[in-house]
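Going by the order they are written in, the chains are A, B, C and D; count residues from 1 in each one.
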Amino acid sequence: MNVLEEGLGKMLQPPDVNAFREFNRQKPRALIDKRMTEEEAVSKFVHDGDYIGTELYGTVRCPQSLVNEVVRQGKKDLYVAGQGVFELDMLLAAGLVKALDHTYIGLEVYGISNCLRREVESGRIEHCVEWSNAGIAWRFKAAAMGIPFIPTRSMLGTDTLKYSAAKVVECPFTGDPIALLPALILDVGMIHVHRADKYGNAQIDGISGFAFELARASKRLLISAEEIIPTEEIKAHPDRTIIPYYLVDAVVHAPFGSHPGEMCYVYERDEPHIRSWVEASKDVETTQAYLQKYIYDVKDHQEYLDLIGQERLQELQDMVPEV
Amino acid sequence: MNVLEEGLGKMLQPPDVNAFREFNRQKPRALIDKRMTEEEAVSKFVHDGDYIGTELYGTVRCPQSLVNEVVRQGKKDLYVAGQGVFELDMLLAAGLVKALDHTYIGLEVYGISNCLRREVESGRIEHCVEWSNAGIAWRFKAAAMGIPFIPTRSMLGTDTLKYSAAKVVECPFTGDPIALLPALILDVGMIHVHRADKYGNAQIDGISGFAFELARASKRLLISAEEIIPTEEIKAHPDRTIIPYYLVDAVVHAPFGSHPGEMCYVYERDEPHIRSWVEASKDVETTQAYLQKYIYDVKDHQEYLDLIGQERLQELQDMVPEV
Amino acid sequence: MTEKNYNPSELLICTASRLMEDDTTAFIGTGIPMLAAALAQKRHAPNLISIFEFGGTGAVLEDLPLAVGERRTFHRALAASGITDIVETAQRGFVDYGFLGGAQIDPYGNLNSTVIGDHDNPKVRLPGSGGGNDVGSHCWQTIAIMRHDKRRFVEKVDFITTPGYLTGPNAREEAGLPPGTGPYRVVTTLAVMGYHPQSKRMMLLATQPGISVDAVLENTGFKLLVADEVVENPPPSEDELRILREEVDKEKFYI
Amino acid sequence: MTEKNYNPSELLICTASRLMEDDTTAFIGTGIPMLAAALAQKRHAPNLISIFEFGGTGAVLEDLPLAVGERRTFHRALAASGITDIVETAQRGFVDYGFLGGAQIDPYGNLNSTVIGDHDNPKVRLPGSGGGNDVGSHCWQTIAIMRHDKRRFVEKVDFITTPGYLTGPNAREEAGLPPGTGPYRVVTTLAVMGYHPQSKRMMLLATQPGISVDAVLENTGFKLLVADEVVENPPPSEDELRILREEVDKEKFYI
């Protein structure tokens, strides 16, 4: 099983599955009430220099209230796994990102991210290691499985592989080249869910993106939830639990926690707000003004929601059609 | 990435992911009514010499009506992936199994399988290749992912590995030994579900065993279902679909399809019936008498249910407690 | 050239839509592929099975999604799972078509959406692969939708984000990519291109209405092969435009 | 020796149950571990988190399961998933205890549940690994529950189905198994054994009520180490027996 090629990209987080096991060993198995505010969750579990990841798809089910709190507290020199839109733009805008395992940061239909451009083109981001979208998800999956790598036929033959930290080997069964993706174990993962109990047992409606994998790939896991439900509801439908409590370190009640992103079946995304960010992000000064207004100058998620306004939030809810 | 050890077991089904892709390419994407009887499904899709697999856990959600039909039609020289109880005992009792990728065949609390003993100790089964339970499930998972192998830390250091067809390599990322399990692609998979629509979109309640993986690891997939539901119900809850239609070749309506096994939330297992099999299986003659009575002498699943009797089936339903 | 009753976006959407077949699976990304798929479903391919990267399979595209994960991507869908299940489904060979875009494309259909300039010292940092590399690796046939000019159609892309035919015949297979996969069509506002079956280089198959072969060649930064017979695409029909405007994008978000 | 008011199964169940701690995760297999876990939940470990191989996590063990996948394994559970999720959870280091059985065990705690005799020409074909190898590979500490006689406690097992300490110190780590894992206890009707911290060989820690150290040694087919101080286990208490008989296995399926 010869190694045929090795990506030139820096291994930002080595796939140390033994250290991950040791960390997981000491996480409590007890049912502990983990409810806390964004402020407590982030100050307690996110540290300067941490490797963090957010789970979402586009602007859908984005842990925005948690990310805003990371920005508010100015957690810096962050290593970030990058499949993101609005929320990673915030981290980039605030200059908190040191290095990226990158797959996509952009504004979808609104085009490329000006914040990404500024941070990368200036050299302020020290490493931009490339992967495909599924490549990053599979790296989480490898970590979630407790194995140091996972094979894939993505990325082969491309510069995406050349500038990654993957390796290409000769498959010992078929003889064909295959890419091996190293497990990506996060210091901190953040996921926004439809509902969770106070211990952290969580449910998601609709598609689940890569929540299953990221939850299991995180040493510390912060959950924000639109709704906190009694554990009896979890127990009545255990097959709906996508994240079991023992993975979770903090449970944050965050209604409209994905705003300006959407939450399937609950509220739509705030298109004018996102457009206003697209405009603001074009220029350093207006970018900072946006951060000032929506993050630094508000104390917490509730104040942020007050700033958006109950009326607007109601509209976003009302836009959801009957299923 | 040196190969440190290679299992001595025969590779019964090489992990040819390219051939699997070519097969999957020609499966129809159209929404076709796939409802048929056990007789039609088995005669159309199961052939002598096929590599087959059943998905279940113990006696739970067992595709028994399909397996009985395989026995009835005497499909022979079968290669079988073995994590099974009652249903694999039937195949063994009928002398249809040529080789096994084996992890567990036994009767759980009732002890070891006499049929397995007779078939293996006599040498009638040509190969018994060993794996762990999760090892077999991960082999399905590799096939489901479309990759030729998956790493694990199971099986290392043991005779289970030595008599498998796995390989141990030095992990190119950590330097530690790690086992690689070859993908297991089935010619035919069989799964019993709670409900499916006529195209094959299927739902399962409660734990899902390895249905997700086996469904995706099968070239041809036979689904039996307690209930056939309108597609509109599938579309109302797409996050409940564990098996999408394009994987499926046959949809068999099989109420009590798991009997004498159980179906979570629907009916309990038929303990006296299972005990009667445990007794019968001790001796070749009584074994054959059981097959004669419950399989060969009944025309189809409905006749089998008639033999069990409506009253008894009702009792098994009534034993399910309120949740 | 008479005045056209459609804009360039509408032309791209209608052209891409015609390439979509009933009873096939198609990996749909943000933007034009979504509109094309919705148009196809409402017109000639009611059973086009849309596959969205983050989990939606077989949605009814009544309203247009603005993002690849939102509720419209699994509206009345047959299944709603997650990204690994979807891309593994493609890796197993179940996805017939994939739609791609990029900032640069080369004669072998390799696409760049990562950087302009040097990777470690870029002139322009682009969004990155996203699902592009996965779609280009696993789908049986990929269709690129591009703006057509010399800066985009280049002899050598600055960065191969997504594999086309790489360096030519057999290069995909030698790299370990699944045999039989690769670029199928390139759709632009000027033309539709395919690939030469042997050399795997891009080849002009059809021009868009009112566009000459020379105009296509002039706007292509590499030597484009030309099919023996180059047809001219019919313009978007009344029917296509009506459905597109009145049903697909009635809020005029894209068109 | 006075007449005992409990049978051997009840003794095994009560002894195993006492090893189960509150607020720990335990991988539970068919039979005695299920009864022990149910007894522990109803007595000293109400928040023992049971993990069942086919998907159940944190069930309330009100009624006794007869199989590792049936409804009682996820009755009022916190999660119900599938086998790969469960064993991967163990592979990630989240499962504290695992319970094992087998036809043979050796001084290093290696277990055989595959064959008696030669693998390819067996005298007795046994059920096979099942989840045994997975539990023995990934759980932090494993507890074997065995019948105690010389045919079962052997110097060398015919087949290592499930890894104990393999050939001794560091052998697990050298084989690639997760550091810090391995056999913890062996529970039999005669005794409770542990393992010597350095040599990793099995060591007698406690005898069952009325059983002498010599009786244990005589029924063991290899040289069993003996702890400096061997205690005698207290017999099953009235309380344990009452709960076991009246609540855990009221239908007398196992006991």
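One rule holds in what follows: a residue touches a chain if its C-beta (ideal position, glycine included) is under 8 Å from a C-beta of that chain, and two chains touch if they have at least 3 such contacts.
Just so it is clear, the structure is predicted and the values come from calculations on it, not from any experiment.
*Asks:* Show me the overlap between the contact partners of chain A and those of chain C.
*Replies:* Touching chain A and chain C alike, sorted by label: B.
*Asks:* Per the centroid of Cα atoms for each chain, what is the distance between chain A and chain D, given in Å?
*Replies:* 40
*Asks:* When the C-alpha atoms of chain A and chain B are each averaged to a single point, how far apart are the two points in Å?
*Replies:* 37
*Asks:* Once you find the CA centre of chain C and the CA centre of chain D, what distance in Å lies between them?
*Replies:* Centre-to-centre distance between chain C and chain D: 57 Å.
*Asks:* Could you list the positions in chain C whose residues touch two or more of the other chains?
*Replies:* Those would be 56, 74, 80-81, 84, 91, 138, 178.
*Asks:* Among all residues of chain A, which ones touch two or more of the remaining chains?
*Replies:* In chain A, 17-18, 146-147, 152-153, 176, 178, 206-208, 236, 238-239 touch at least two other chains.
*Asks:* With chains as vertices and touches as edges, which is it: line, ring, star, complete or other?
*Replies:* other
*Asks:* Which of the chains touch, listed as pairs?
*Replies:* A-B, A-C, A-D, B-C, B-D
*Asks:* How about chain C: which of its residues touch chain A in the complex?
*Replies:* 30-31, 52-56, 66-71, 73-74, 80-84, 87, 91, 110, 114, 119-134, 137-138, 159-163, 166, 171-172, 174-178, 253-254
*Asks:* Over in the complex, which chain B residues touch chain D? Could you list them?
*Replies:* Going by the criterion above, the answer is residues 56-61, 82-83, 85, 102-106, 108-109, 112-113, 116-117, 120-121, 123, 128, 130-135, 137-138, 141, 152-160, 163, 168, 176-179, 206-213, 262, 264-265, 269, 271, 320.
*Asks:* Could you list, by residue number, the parts of chain D that touch chain A in their complex?
*Replies:* For chain D paired with chain A, touching residues are 23-25, 47, 49, 56-58, 60, 74, 76-81, 84, 88-94, 96, 138, 140, 178-180.
*Asks:* Which bits of chain A are touching chain B when the two form their complex?
*Replies:* Where chain A meets chain B, its residues are 1-3, 11, 14-18, 146-153, 167, 169, 171-174, 176, 178, 180, 182, 205-208, 236, 238-239, 323.
*Asks:* Show which residues of chain A lie in contact with chain D when the two form their complex.
*Replies:* 17-18, 20-25, 27-31, 143-147, 199, 201, 216, 231, 234-236, 238-239, 241, 244-246
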